[in-house]
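Got some structures for you, see below.
One chain, chain A, links the two complexes that follow: it is found with chain B in the first and with chain C in the second.
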Partner chain A sequence: MSIKKLVIAGAMAIMMGGAPALADMVFPSLSYRTGPYGPNGIPFADGYADYFTLLNERDGGIGGVKLKVIECETAYNTEKGVECYESTKGEGALVYQPLSTGITYQLIPKATADGIPVLSSGYGRTSAANGKVFEWIFNFPAAYWDGASIAVNHIMDVEGGDINGKKISLVYHNSAYGKEPIRTLEELAKKHGFTFTAIPVDHPGQEQKSQWLQIRRDRPDYVLMWGWGVMNSVAIQEAANIRFPMDHFIGVWWSGSENDVLPAGDGANGYKSLALHGTGIDYPLYADMKKYVIDAGKGAGDGSHAGEVLYSRGVYSAVLAAEAARKAQEISGKKDITSADMRDGLEALEITSARLAEIGLPDFGAEFKATCANHGGSGLGKVQQWDASAKKWNLITDWIASDRELIQALVEEDSAAYAAENNITPRDCN
Partner chain B sequence: MFYREAGDFKTSYAADQQTFPIKSERWLFWAFIAIAFLVVPFFINDYWNKAVLMPLLIYAMAALGLNILTGYCGQVSLGTGGFMAVGAYACYKLMTAFPGMDMFSVVILSGFITAGVGLLFGIPSLRIKGFYLAVATLAAQFFLVWMFNKFAWFYNYSASGQITAPERTVFGIAVTGPSTTPWATYLFALTFVFVFGWVARNLTRGRLGRSWMAIRDMDIAAEIIGVSPLRAKLSAFGVSSFYIGMAGAMFFANYLGAIEVTEAFGIEKSFLVLFMVIIGGLGSILGSFLGAVFLVLLPVLLKNIMVGYLGWATDLAAHVQIMLIGGLIVFFLIAEPHGLAQLWRVTKEKLRLWPFPY
Partner chain C sequence: MSPAFLNFIEIVLNGLMAGIMYSLVALGFVLIFKASGIFNFAQGVMALFAALTLVGLQTGQVPFSHLINAIFGTELHHWGSGLHTVLAILFTMALMILLAWVIERVVLKHLVNQEPIILFMATIGLAYFLEGFGDLMWGSDVKVLDVGLPSGGSLWWEDVTRTWVTEGSEYWGMYIDRLDVAATSVAVILVVGLSAFSQYTATGRALRAVADDHQAAMSVGISLRTIWVIVWSIAGFVALVAGIMWGSKSGVQFSLSLIALKALPVLILGGFTSIPGAIVGGLIIGVGEKLAEAYVGPLVGGAIENWFAYMLALAFLLVRPQGLFGDRIIERI
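Now for the complex of A and B:
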């Protein structure tokens, strides 16, 4: 046993010894290309890596400093996520974007203690929007509670402003991720007078017959979905099977990618989902992406995902991180930024339409400005609808604002509870 | 030549009955323990702690618990994940309800609470056997996970259903929460595993352990010679759940710090621990450790070789790793159906005779 251990220890010491290339900006990518959530993780990881490759190839990095993406496979599993975090944090990691609410929850206390920012765009712990308590955690441009409110606001628009007495059901992934919006939806139900029921689907979500039977019996007016991975496509297929009106079925931004709707074929026509950004390959950025990355054979994947919803999400996440790094260089006045500088950059980040157009993504995402107290962005979202015959997502609304007043109260409450549990004195942001 | 019993005289029954009867083996063991307690804490860093040693120790503890039930008493259980969840949630409730309590007491009390739950689910074992019992414990697995998801009291009504470990100490040193030092959590877990590994070893060669083995080998015969199946089976369930509960508590509080029940304690966990026991060796204390080493360290090692050293794509490495581990499991089960512990035993036998096998 001891010999075996020695061999293992020796081998691992060799593995760990690889020194990182000096003075690169390191962006770890805790990706998942395997497991039940792999089909969704792959396009995101490709988009994330490809954007940084593009910056390296076209601009020579950010401010002349090359960027390095270290990928680590988590399979959407928190234990592996922790291993990935511990193995990459020593390499000068600037910011973590784990694309998993479970792993984000893990990293919030750890990364705060280690002084490395976490940017969970559109996922993670919603109350991290309160920068007074969560100094190192960011979740702009919008979080789950914004999503819940945006969906309800969209329903109100469709119904002509009054949803009193309507029935809204939530089909959710039975995990921290899926449970996030429940509290907000309950509050909104009280405020707007609709009846709300929550229907859990257990991981991985391949089996949903009983849930959809319940929906068929309850006949809700609208069904919202907080799903991920195979759960999305199964739910859409089941909804089509019970002939649920697809335009009354609205997924969060994680339940609206090509992978989710394509398996249901024509049955998915009219399915709606929220959107944090535009999709499609018609943005000017993709011309450069094709020239410098994909055609040059430097893409992270096979290049087939470019322009898909989750690929765009990966690009968007990378854009936010890259812009924050640029801002951090500007603030600190040095090229070689540390994770603490990166945090300052994230906190001072401002995304304007003009800047997005410069990047080559005009009208892609919402405008927002992070501040010391607001780590949650502007909370805007659009609604997109699937056109099954054209196999295309179409944006059908302009930016919809969430009910910030109600959400802010919930954020304050939840973050205060977290601060009390962990003996955090909220920062003074004035 | 290096490993022999010649000249190693025993003058008392105690010396003759000891766990490591051969001097060189005893020395090896104590040297190993001394390194683990006295050397490793000075060199350990976050990565070794969180990615290698903590999971290893905690899974070894869980495997030890399951080995008592399955390996020594012959009761197949698929409820390990559920019982670990009981340990974790008991730990969380104790930590939040009694903030002043030190972590040693919390983990041990969580073990006792799990033992109580384990006894409850052990009752069917008095009437059903073999595969049927496995199915009954499978029900425990699903019921417990469902329960911790369903009733918000267990997770203190948090919005996300996640439980997060607050900072708790032992002798004034933080062993849970984000600002722990690697050596503190490592030593904490190591102490538990060492002490309870010792207890397990001595339990299994005492009266209780012999009654478990009697039940395992032939329950009717055991009953005829006066072993009470009720006591033997229920005590095995109780002791096993005690260990698994402590493993669950440490898994949550010291290792991960935040968990959600479906993800952390699903059926995969039950299978993983069962595989550790089978590959390590049923009915062997050493086997529990070897099984944990095999299934916890090997994937990390393979990943580091393939991604860190050979520079392969992460997804390719993950797939190759799954195939390799699967292949190795099949290989070991064919080459040595009694597990890695038996392999070690055979090696020792051969070493005794080496270099003159005749």
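Now for the complex of A and C:
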């Protein structure tokens, strides 16, 4: 070897040795694959992990940095969720998506103190949409109060714009999650002149005879549902049993998966739920998912859930996190981002139809743009309806907007109370 | 009759039938506690496991398919269109008997003469094992269970009761779920069958002898271990019946194991050692919680039936610590 080659080889070795290795981007997954809520937790966790695996396998990660999903089993238990957070936050966690309103509530002060963002898409504390108070918490593309308003707006559409004098009941999981829409529905009842009744169901909701006897006696025009797990399938079965018109029974987006309707068989036909995104595997992304992840044996599960509602929810949540990470790299100008960079990425995130099409999910989700003040997105949702004979959800509306004027006032009120309780001075976002 | 009074009757009737559903679960606890003094924490999971197995056999699912596919890279999911319901029930029952035998050989045999708390803790371990084993064997998806039981409200009963209302009143007729009626019929047959079995068969008398006094029963040649296998098998059968009834309502999913929570107040109230106690306890709890939910619930925000059932049971406990029908325990010092 000539001296020249030796010098070049030596210089290259020094340069390569001196270059810092890029650490993986860490996305903890507080999953629940066991316990009574496992059937819902599994497809979500699979979809969430599979999307990151796809980015690794197909694109080599994001901006050349590999992605790492650390799963921690919470069994949908708030204490375990907090333990999972504590045990994974030191791994370089960029963002938490706990898939539990209870866990989200517990993580809000902790994650804020630790400087790690929490993204609770379609769940969690609705007033976290106010970025001036909740600097580290995000809940786009829509929150529960949007859901309540979207459901009422859909009913108004069906009823020709007037629901004055109608009776609307809410069957809800008797927990922080289930109680979220009550205040909004009370305000909407005042505004639109309908009678509102809230009917709680205790965990897990296996026995709901009392609640449905009450509904049968009250004869509401519409029933809304904020349920989760077995509560959903029992409620749909009981509604079918009392011959409640299923197209007047509308669940939130957490009460609209295949798990909820299949046990009731034909009785569930016509049941409606809100939808944050499309379902099914007729998206170009799923072809890649099949090629690079499922058929390659690298899926988190066996791939049988691909295209189901909750698998799609997991994919969508992962898409939002990945897009925010991409944005964070762009803003910070570095590939190796921190959780603070990730927060900036989430706050500057813009999801457009064009970008969704590029990802391989055309018309899958609503367009939205997060800002310093708005961490809640556009508050849009669709309505899907179950076809029992085809065993398929069909989207039956276009994007429906929530009553932003009313909800924004409630968000301001609730977040101001939170800020006062926790001595938080709201940020100036102007 | 006024609609309000008819509504009251409707709530009582539905409460009685909900109570029967709780009794179906409580029966399994009673059988094992009577024969062995063990509070079987795993009874709810046994109901889940039995229901999972039944659906798996009905639908032709390959057991442990996830594990097999993961290890061998195969694509096994189903072996055919599945078994006829009757055959599937028989095979499930056979598996529950096998399970009883394994539990006796692996767990109980080694814990003879141990403190009741040790045996209780062993059943906690058994519950966790069985839940995981069921998951591994049949997967954790929500499964649809259809054994041909009727479901939905009875139109005939609605029409009949609609004529009972005072003229001019608005009334929709009384609601009764046909699945609950079927469950009640099955529970009656089950209790009569179990009572006849324990009264008129040699094995049944041996079971009662063991329940009365282990040592005395063994001294006359009754095999404690055989009796344990038999009684766990019967509890497995009761678990299968409970699993079918509850699984038909909600689909077979892992929350099914939580139905045991519904049986506890029934046991506290009815006594841990009485089959009639499990039935009467279930009826009282069922009616009590439904009336409380309907008439007290609206005053306090609703969703009170779960804790009300426990409160009712505890109130009885203050008066009769052994439960309504339980054996009074007298310990001489």
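We adopt the following convention: the second predicted complex is superposed on the first by the 408 of 430 C-alpha atoms of A that agree within 3 Å, B and C clash if a C-alpha of one lies under 4 Å from a C-alpha of the other, contacts with A are read in each partner's own complex, and residues count from 1 in each chain.
FYI, contacts are C-beta pairs under 8 Å (C-beta built on N, C-alpha and C of every residue); 3 or more make two chains touch, one makes a residue touch a chain.
All values reported here derive from a predicted model rather than from experimental measurement.
**Student:** Is this a clash or a fit when chain B and chain C both end up on chain A?
**Tutor:** clash
**Student:** Which holds for A:R33: it touches chain B only (first), chain C only (second), both, or neither?
**Tutor:** Touch status of A:R33: both partners.
**Student:** Touch check for A:R216: first (chain B), second (chain C), both, or neither?
**Tutor:** second
**Student:** Touching A:D398 in the superposition: chain B (first), chain C (second), both, neither?
**Tutor:** Touch status of A:D398: no partner.
**Student:** In the overlay, answer first, second, both or neither for which of chain B and chain C A:D202 touches.
**Tutor:** Touch status of A:D202: both partners.
**Student:** A:V230 contacts which: chain B (first), chain C (second), both, neither?
**Tutor:** Only chain C; A:V230 stays clear of chain B.
**Student:** Where does A:D282 make contact in the superposed view: on chain B (first), on chain C (second), on both, or on neither?
**Tutor:** Neither partner.
**Student:** Touching A:N174, do we find chain B (first), chain C (second), both, or neither?
**Tutor:** It touches chain B and chain C both.
**Student:** Does chain C touch more residues of chain A than chain B does, or is it the other way round?
**Tutor:** B
**Student:** Check whether A:D266 is in contact with chain B, with chain C, with both or with neither, and answer first, second, both or neither.
**Tutor:** It touches nothing on chain B or chain C.
**Student:** Hey, which part of chain C ends up inside chain B in the overlay, 4-12, 256-264, 274-282 or 310-318?
**Tutor:** Of the candidate stretches of chain C, chain B runs into 310-318.
**Student:** Same chain A residues contacting chain B and chain C, which ones?
**Tutor:** Of chain A, residues 33-34, 38, 42, 174, 200, 202 contact chain B in one complex and chain C in the other.
**Student:** Quick check on the complex: what are the chain C residues that touch chain A?
**Tutor:** By the definition above, chain C touches chain A via 7, 10-11, 14, 18, 21, 66, 69, 73, 131, 135, 140-142, 144-146, 151-153, 172, 175, 177, 246, 249-251, 253-259, 262, 289-290, 293-294, 297, 301-303, 305-306.
**Student:** Provide the residue numbers of chain A that touch chain B in the complex, in ascending order.
**Tutor:** Its residues touching chain B are 1-2, 4-5, 8, 11-12, 14-16, 18, 31, 33-34, 38, 42, 71-73, 75, 77-79, 82-83, 86-87, 89-90, 101-102, 105-106, 108-110, 112-113, 125, 174-177, 179-180, 182-183, 200, 202-203, 414, 417, 421-423.
**Student:** Okay, in this complex, where on chain A does chain C touch?
**Tutor:** Interface residues on chain A, with respect to chain C: 33-39, 42, 174, 198-202, 204, 206-207, 209-210, 213-214, 216-217, 219, 229-230, 233-234, 237, 240-243, 259, 262-263, 265, 267, 297, 302.
**Student:** Quick check on the complex: what are the chain B residues that touch chain A?
**Tutor:** 28, 32, 46-47, 49-52, 55, 149, 158-162, 164, 166-167, 177-179, 256-260, 262-264, 266, 286, 289-290, 293, 297, 300-301, 303-305, 307-309, 313-315, 317-319, 322, 344
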